[in-house]
Amino acid sequence: MRMRFDPPTDPAAYQFVHRLRVRFADTDAMGVVHHAAYLLYLEEGRVELLRAVGAPYDVLRQHGVDLPVLEAALRYLQPLRFDEVVEVGARATQIRRTTFQVDYLLRSGGVTRATAVTVHGVIDDTGRPVRMPATLRATLEAAAGSPAATS
Amino acid sequence: MRMRFDPPTDPAAYQFVHRLRVRFADTDAMGVVHHAAYLLYLEEGRVELLRAVGAPYDVLRQHGVDLPVLEAALRYLQPLRFDEVVEVGARATQIRRTTFQVDYLLRSGGVTRATAVTVHGVIDDTGRPVRMPATLRATLEAAAGSPAATS
Amino acid sequence: MRMRFDPPTDPAAYQFVHRLRVRFADTDAMGVVHHAAYLLYLEEGRVELLRAVGAPYDVLRQHGVDLPVLEAALRYLQPLRFDEVVEVGARATQIRRTTFQVDYLLRSGGVTRATAVTVHGVIDDTGRPVRMPATLRATLEAAAGSPAATS
Amino acid sequence: MRMRFDPPTDPAAYQFVHRLRVRFADTDAMGVVHHAAYLLYLEEGRVELLRAVGAPYDVLRQHGVDLPVLEAALRYLQPLRFDEVVEVGARATQIRRTTFQVDYLLRSGGVTRATAVTVHGVIDDTGRPVRMPATLRATLEAAAGSPAATS
């Protein structure tokens, strides 16, 4: 794995937070949110993070750039239940020539429910890996909070 | 609605049956299969019906033809539970110039769990509605069991 | 089918509207929202409608009352795409002793994308159908806009 | 993370393989299987692994034992497409007092598409972590191929 799994558990480490509400369809017969639904929450948070920093995902796709998930890892700490409001903290990190990482912190009611990391590549519209466009890189570095967070 | 909702509840009316098993992810906090998962079962049954009659859906798509869902209706009679094996009966009917209907009967353990109908259009790869290709029409009519079933 | 499928296409007929944004995961290889995802949008709209009229679904469930979907029907008019904001209009109607109906109008960018109807029963925590509690009935009738809308 | 992410990429390392077919609903607007759907494939493979070794998941649940996912990690190597048949190799490993790990290898057409790991706890029907029942432990160790694979 290319990933470094050490997403901060301190909410203050995340400059961006997206709120969403658990759907009934996300639950399973254990009475809690199914573990696969968390990936949808991460994606929703990531899309909103990109929008917030000025690189909306649909604009990227219109420019022939896509950001496929290369790796994903999740740590489930406390279950989520129907109708709870989840705060998805997200931050870009590990920004490299062709890949970057996003760290996530999922909290609800002041309690950490999960942490997660996704690693993304950059591909063109033929599906081939390409270098990250300079504007995207600059945007992600801004989202990462400081150049020092990058490498 | 273009649809005629009268899918037979007699299993003998369905020449084609596809078997699938309920996934845990399909359940919800009521302890039974979530109502949206049934549409996935219908789709899986429809794809296998098309394969069985010689019009595999991926081949249709390679020929620039797609079969979007125009209408869908479901009647939920008895809940489905995790790990149950579902028999999805499917049959083409109401075959017209640009649309056709599929009737469904979902059974498990000898008990009817749901009936359903979907109506499909035919579009080309620009997304515009087109007449049904003659070969597809012939295939569906064969799947419908008899020319009398069409109009 | 118990349902009466005639959801108004005039937005003014819906006193309640819930906004949501299409997730990337909701799309399929046709490049548009998969037809099954619409049932999730209806559910999210219905949950918010119940909350808005003072009968939050999780409170109903805590009181041992559940509202299973007995029937569902959808008419897909124009596709939805990733990142579009959808306005889900919802209104209770056809309120009877043990069942009620919800009509839906899905619009985005001022264009109707789909109409839909769900029919719900009322069950207790043993799964048996029961009469609708008087408070729920009163709430739904209020949500329906006028007693004349009920029967 | 408790997990050790080193699932073998040699198919021979997996004594158990489950086959499934990609649903159209699993795809997204990139034209390939959405990354969240892989967790559903892992779950389906895991359920069949448990059945194959004599510890069917629904029987475990009837005995008041559940196996929640504590951690999950996936590495996406080559995309999967609609209608492809996926071979999900699964093997239990890292079997401890209260947790165990499952390694996965996803292949199609002779090409590795993804590797993955999930870590599971054991809880009773009140949701509290418990020691693994001896019979489950013995079963998993058998599934792991040899006692040497455990610790």
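As written, the chain order gives the labels A, B, C and D, with residue 1 at the start of each chain.
Throughout what follows, a contact is a pair of C-beta atoms (placed from the backbone, for glycine too) under 8 Å apart; a residue touches a chain by one contact, two chains touch by 3 or more.
Not measured: the values here are computed from a predicted model.
Peer 1: Just to confirm, which listed pair, A-B, B-C or A-C, duplicates the contacts seen in C-D for more than half of them?
Peer 2: Match found for C-D within A-B, B-C or A-C: A-B.
Peer 1: Going by the touch criterion at the top, tell me which pair is linked by more C-beta contacts: B-D or A-D.
Peer 2: Between the chain pairs B-D and A-D, A-D carries more contacts.
Peer 1: Averaging over Cα atoms per chain, report the distance between chain A and chain B in Å.
Peer 2: Once rounded, the distance between the two centres reads 36 Å.
Peer 1: Distance from the CA centroid of chain B to that of chain D, rounded to the nearest Å?
Peer 2: Each chain reduced to its C-alpha mean, chain B and chain D end up 30 Å apart.
Peer 1: Centre to centre, by mean C-alpha position, how many angstrom separate chain A and chain D?
Peer 2: Comparing mean C-alpha positions, chain D is 24 Å from chain A.
Peer 1: Can you tell me which residues of chain D touch two or more of the remaining chains?
Peer 2: As it turns out, chain D has residues touching two or more other chains at 24-25, 36, 39-40, 43, 82.
Peer 1: For chain B, which residues count as touching chain D in their complex?
Peer 2: 23-25, 39-40, 43-44, 47, 56-58, 61, 82-83
Peer 1: Applying the document's contact rule, which stretches of chain D touch chain C when the two form their complex?
Peer 2: Result: residues 24-25, 27-29, 31-32, 34, 36, 81-82 of chain D touch chain C.
Peer 1: Quick check on the complex: what are the chain C residues that touch chain B?
Peer 2: 1, 5, 30, 35-36, 39-40, 43, 66, 68-76, 79, 127
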